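By written order: A, B, C and D. Residues from 1 in each chain.
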Amino acid sequence: MNEKLNLKESTFISILKSMIRIRFFEENVAEIAKRQEIQCPVHLYIGQEAIASSICADLRNSDYVYSTHRSHGHYLAKGGDVNKIMAEIYCREEGCSRGRGGSMHVIDRNVGFMLSSPIVGGSISIAVGSALAAKMKNKGQVSVAFFGDGATDEGVFYESLNFAIVNKLPMIFVCENNSFSTHLPDFLRQSNTSVSERVKGFNINVDKVDGNNPFEIYKSVGKMIEKARNNEGPSLIECTTYRWLSHVGYWQDLDIGYRKKVDVEQWMNRCPIKFLANELIQNEVITQDEFIKLEEEIKNQINNAVIFAKNSSSPDPIFIMEGLYN
Amino acid sequence: MKKIKYSAAINQAQHLVMDKYESVIQIGVGINTPWYVGQTMNGLLNRYGEERMIDTPVSENATTGIAIGAALSGYRPILTFPRMDFMYYAMDQICNHAASLNYSLGGNSPVPLVIRAIINRKGEQAAQHSQAIHALFMHIPGLKVVMPSNAYDAKGMLIAAVEDNNPVIYIEDRELYEFESEVPEDYYTVSLDKANVELEGNDLTIVSSSYMMHQCRIAVKALAEKKISVDLIDLRSIKPIDSETILNSIRKTGKLLVVDGGWLTGGVAAEIISIVVTQGMQYLKSNPVRITLPDLPAPASFVLENAYYPDNTKIFQSAISLCL
Amino acid sequence: MNEKLNLKESTFISILKSMIRIRFFEENVAEIAKRQEIQCPVHLYIGQEAIASSICADLRNSDYVYSTHRSHGHYLAKGGDVNKIMAEIYCREEGCSRGRGGSMHVIDRNVGFMLSSPIVGGSISIAVGSALAAKMKNKGQVSVAFFGDGATDEGVFYESLNFAIVNKLPMIFVCENNSFSTHLPDFLRQSNTSVSERVKGFNINVDKVDGNNPFEIYKSVGKMIEKARNNEGPSLIECTTYRWLSHVGYWQDLDIGYRKKVDVEQWMNRCPIKFLANELIQNEVITQDEFIKLEEEIKNQINNAVIFAKNSSSPDPIFIMEGLYN
Amino acid sequence: MKKIKYSAAINQAQHLVMDKYESVIQIGVGINTPWYVGQTMNGLLNRYGEERMIDTPVSENATTGIAIGAALSGYRPILTFPRMDFMYYAMDQICNHAASLNYSLGGNSPVPLVIRAIINRKGEQAAQHSQAIHALFMHIPGLKVVMPSNAYDAKGMLIAAVEDNNPVIYIEDRELYEFESEVPEDYYTVSLDKANVELEGNDLTIVSSSYMMHQCRIAVKALAEKKISVDLIDLRSIKPIDSETILNSIRKTGKLLVVDGGWLTGGVAAEIISIVVTQGMQYLKSNPVRITLPDLPAPASFVLENAYYPDNTKIFQSAISLCL
């Protein structure tokens, strides 16, 4: 226990590791996309790493996690296999979905990462179904749905919310509010741009936190997880954040005119990794050297994942029908 | 063997699977009231309680996703739509998710989900409360779609659907609920991919399913009096389709009449005919014929309904012309 | 202007007339349904008459109204043709929808009654489309969507609400909260049974009124209509009420066990027609004699409508395809 | 005449109708960004402003209802779905409402709505971002469904669709956007219910539409070298279907190959074949053949995609076998 931070040290080292892993992973994916080594569209998570990493920090392998088109960060944070997701982005047979799904359809059931759906709002209700299952099994599992602010424009979000509350399900709704649905800013789409305020009338436990601050997120979701495990019903956490890159792909879409360079820069100054690393170093949880070593280790891991992916085989068209039925 | 009603057969099947598998749960709008589902749910709420019999708000889209999520997490949900018309709200979950998840995720994420979809024809209920849109689901890869025509199959196929690891759209027609047939009391399954040659004959093959089978049976009796003997094939499953059984029959009779309870264009009848002529047109002695609904939303007035819904007379007449 | 009531007399006489017309109409429909003169399923409005009548009192023919499966009251209150709707319930050629639609698909575009949809939640977004049109035309029209508490369980309700607010449309959402969605009471379905409270976070002007009290409804919706006509955006009014008869059909479904006899009786004691008639008589807006005369007149009108409907012809099957395309 | 791209033709059509009719408005997710709709919306926002170019939240269901409501209230909206896959969310409004409202309301409530539905095939986008589900809409009475294959038709049919008083599903395939053909600059319409005999020949009838027409054109050239002359029919509309043009061709060639970009079972190809054999099987000299996608969700890997999407080689080979 670090007294100044008043939080478990090991946890925050894990969160830091997770964030760095996601950052390097995504930077690598950006590289290979730029080099056109992959065709598969990729929605990168850079800038939002604190959210997945802090939310998943205390989740168990038996807990369920559901994700979206922007899936890589959630997958890695939940402990998904870095080789298998990299191979999937390359659409290879050794990929987590055998090359059938690509970046937007990833899975690692060993660690409770159930699926990602590229249909906006598509996985929220499915996550609630896992929460229903969890409640029936009564073994303290929780189900977590990650989704963006855009997904709250789909009616199914409200249906799902209502059902989870009425049935007091062990469900955590995690809204990553980066204020954009592709090119469209929140105020052009939403009557109340704060999701947590908008849904207060549903009588659900909500919190709104700085999505670039792992301490805030971790603390808030911790209470929610406890509530859920104690059969005290669902919660919604709204994490305000920003995506650094374009909606899809590796570039920094400043040319299209929907967002300003200064906004991006301001948010980049609020880099969640730098923030957490500084805090941990200043509070002597880790040293600068340890941090650098940690980065090296993870860099290696990601490089190896790329090698793994490239060495993986392409799916054999003879088996194209495999997996249609079970 | 005891004769029981089609609706009672569905009820029996559900009692048996809920008894056998703790993992079977039920969910849907109105499943706990006879208003929506006739007698098919009798006794289930009392016996299995609200935890396993979840009557939901009218949130068809989320409810379907919830059923999928439960199916991915160790349960085998039966999701009921009291009218097929309401399924449009849930198409994203049915077609984008339930149907393709397992494939897109590499083959190890089975969705053992049964969707009971009920057709409500007639009764001056008009366009939005009378639809038979089974053909839409037939088009979606990853689904299985069955539509039993009698109590025996209704029971056996519902049990088989629950035991199957894939999403199965199980289609009932309320018009069938009162029809009786012999049904064993015990647990049995009927395969989800085999058509049934209900009657054998030599002059003509009639292919049909669900409620239209009932109209066909009446027509076939009348045809027998005219010395026309019919191979009457009950499709039972429209995805997958048992092409072999149909083609075998055509080889014998050389004539094909397809009777389907849905719309004409892009319907089941078109698919059956296509299968036959792409694989065995040489066996056909005359143009195949399809009897379906016209390409028209259901009208309310029963006078128009009578013109809208094809019946045994129409089948009889078509068969006669085909065999002349 | 009646001083005691502080409201326009003629308006409330109109509202009373409208309520009586709906009541007699529905009682007649119940009769003919009981006698099996019609097959078409009917969802009767008895008990809720104050809502449609008060909401529509100051609407113009150029204003749009949209309705649900429980359509008759809305249709009549907006000034729809009583003969034509009766003939439609009989599914006759002279019906407002030429016998193609029946009770759940009624229309009278001359008075701005656009359509009713038996799909729960099905007409709300369409109504918002008319509000969008109204805003673009900029002639002070408003669009009104009637719907039940059950319809707020459909996600499309929230999507529609959000769009109307973001675009400041002249839209009035009228939720008739009779606490039931067929057999299912609100608390088994909804995390917050008050619709107006539930949606407050959307930043929409809301009000909750006694749906059996025409004075309250009229006053509240008056302000909303004014706002809408002045381009000040949409509102939602929640009217608490109760349906006296079964969800569908003519009987009093007390046997099914989902509601208690005493509840029905209590609500019947709060009959909106009796209430308004008493108020108007006591405040000398009308006399008892005038009231009785009024009832007679309307009874006649309805009887004539039944005669009209019965004398109407059945649609000719030869023309069954008419109306498929336009 | 100038050659322009398919996407430019759509763009031109939209400028022309928005210019001519104040009542034309546009609505949909992403209509004001080239990310979603390529170059098809160029210049429209600048010229007609946000009031007539409404970029919406991802609320497909409500947005469709809103477009219907505007259509009922004097406007002629164009509603765009940047991917057909997203239409599942809006099925209730498309199928339960837009399609049948006019009929259910007695015939005086036209819904002059155009739905631009864009197919995005290939690119390792996988099952939920690659669908071509035109066959679903073909089945729904009250809709018109068109899928132009070239820039000329794309422009003329979009204008005709906007002028039509019924809901028209106007289907584009992004693969076509870059293809050029000669297109007059002025305002013209192409009928929504006529197929186009693009090439005349005697040995074989090929019926196709949209992007698959492009593959057929390549195959037909190769076939010509093998002295096989093809009647190449571009369906253009799949609801209604121009049966006469197809049957006329079959009378001449006696052979039928249908090439469709959707799934096999219950697809457009089945309907075309059914129309031909129920009305004129006697003209066919051999079993008709269909080339479609297999009954499988789209895989991601481009290696699998190459096996999944039929191309001109497959068409060529089928045609050769048919004509041997």
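What we mean here is this: contacts are C-beta pairs under 8 Å (C-beta built on N, C-alpha and C of every residue); 3 or more make two chains touch, one makes a residue touch a chain.
Predicted, not measured: the structure shown is a model, and the values here were computed from it.
A.B. asks: Between chain pairs B-C and C-D, which one is joined by a greater number of C-beta pairs in contact?
C.D. replies: C-D
A.B. asks: Could you find the chain whose CA centre sits the greatest distance from that of subunit B?
C.D. replies: Centroid comparison gives A as the farthest chain from subunit B.
A.B. asks: Hey, how far is the Cα centre of subunit B from the one of subunit D, in Å?
C.D. replies: Going by mean C-alpha positions, subunit B sits 30 Å from subunit D.
A.B. asks: In whole angstrom, what separates the CA-based centres of subunit B and subunit C?
C.D. replies: So the centre of subunit B lies 37 Å away from the centre of subunit C.
A.B. asks: Just curious, how far off is subunit B from subunit A if you go by their C-alpha centres, in Å?
C.D. replies: 41
A.B. asks: What positions in subunit B touch 2 or more of the other chains?
C.D. replies: 56-57, 59, 61-62, 85, 89, 92, 96, 103-104, 126-128, 141-142, 294-297, 299-300
A.B. asks: Tell me, which residues of subunit C touch at least two other chains?
C.D. replies: Within subunit C, the residues that touch at least two other chains are 97, 99-101, 105, 117, 119, 122, 153-156, 159, 162, 166, 188-190, 324.
A.B. asks: If you look only at subunit B, which of its residues touch subunit C in the complex?
C.D. replies: Interface residues on the subunit B side: 30, 32-33, 35-36, 55-62, 85-86, 89, 123-129, 294-297, 299-304, 306-308.
A.B. asks: Once bound in the complex, which stretches of subunit A touch subunit D?
C.D. replies: Subunit A residues touching subunit D: 38-41, 91-92, 97, 99-102, 104-105, 117-122, 150-151, 153-155, 181-184, 188-190, 247-248, 256, 258, 314-315, 317, 320-321, 324.
A.B. asks: Give every residue of subunit C touching subunit A within the complex, in rising order.
C.D. replies: Touching subunit A: residues 153-159, 161-162, 165-166, 188-192, 197-204 of subunit C.
A.B. asks: Using the touch definition from the top, list the residues of subunit D that touch subunit B in their complex.
C.D. replies: Subunit D residues touching subunit B: 61, 85, 88-89, 91-92, 94-96, 99-100, 103-104, 126-128, 133, 135-136, 138-142, 239, 241, 262-263, 265-271, 273-274, 277-282, 284, 286-290, 294-297, 299-300.
A.B. asks: Help me check something: in the complex, which residues belonging to subunit B touch subunit A?
C.D. replies: Of all residues in subunit B, those touching subunit A are 25, 51, 54, 56-57, 59, 61-75, 92-93, 96-97, 101-111, 141-142, 144, 165-166.
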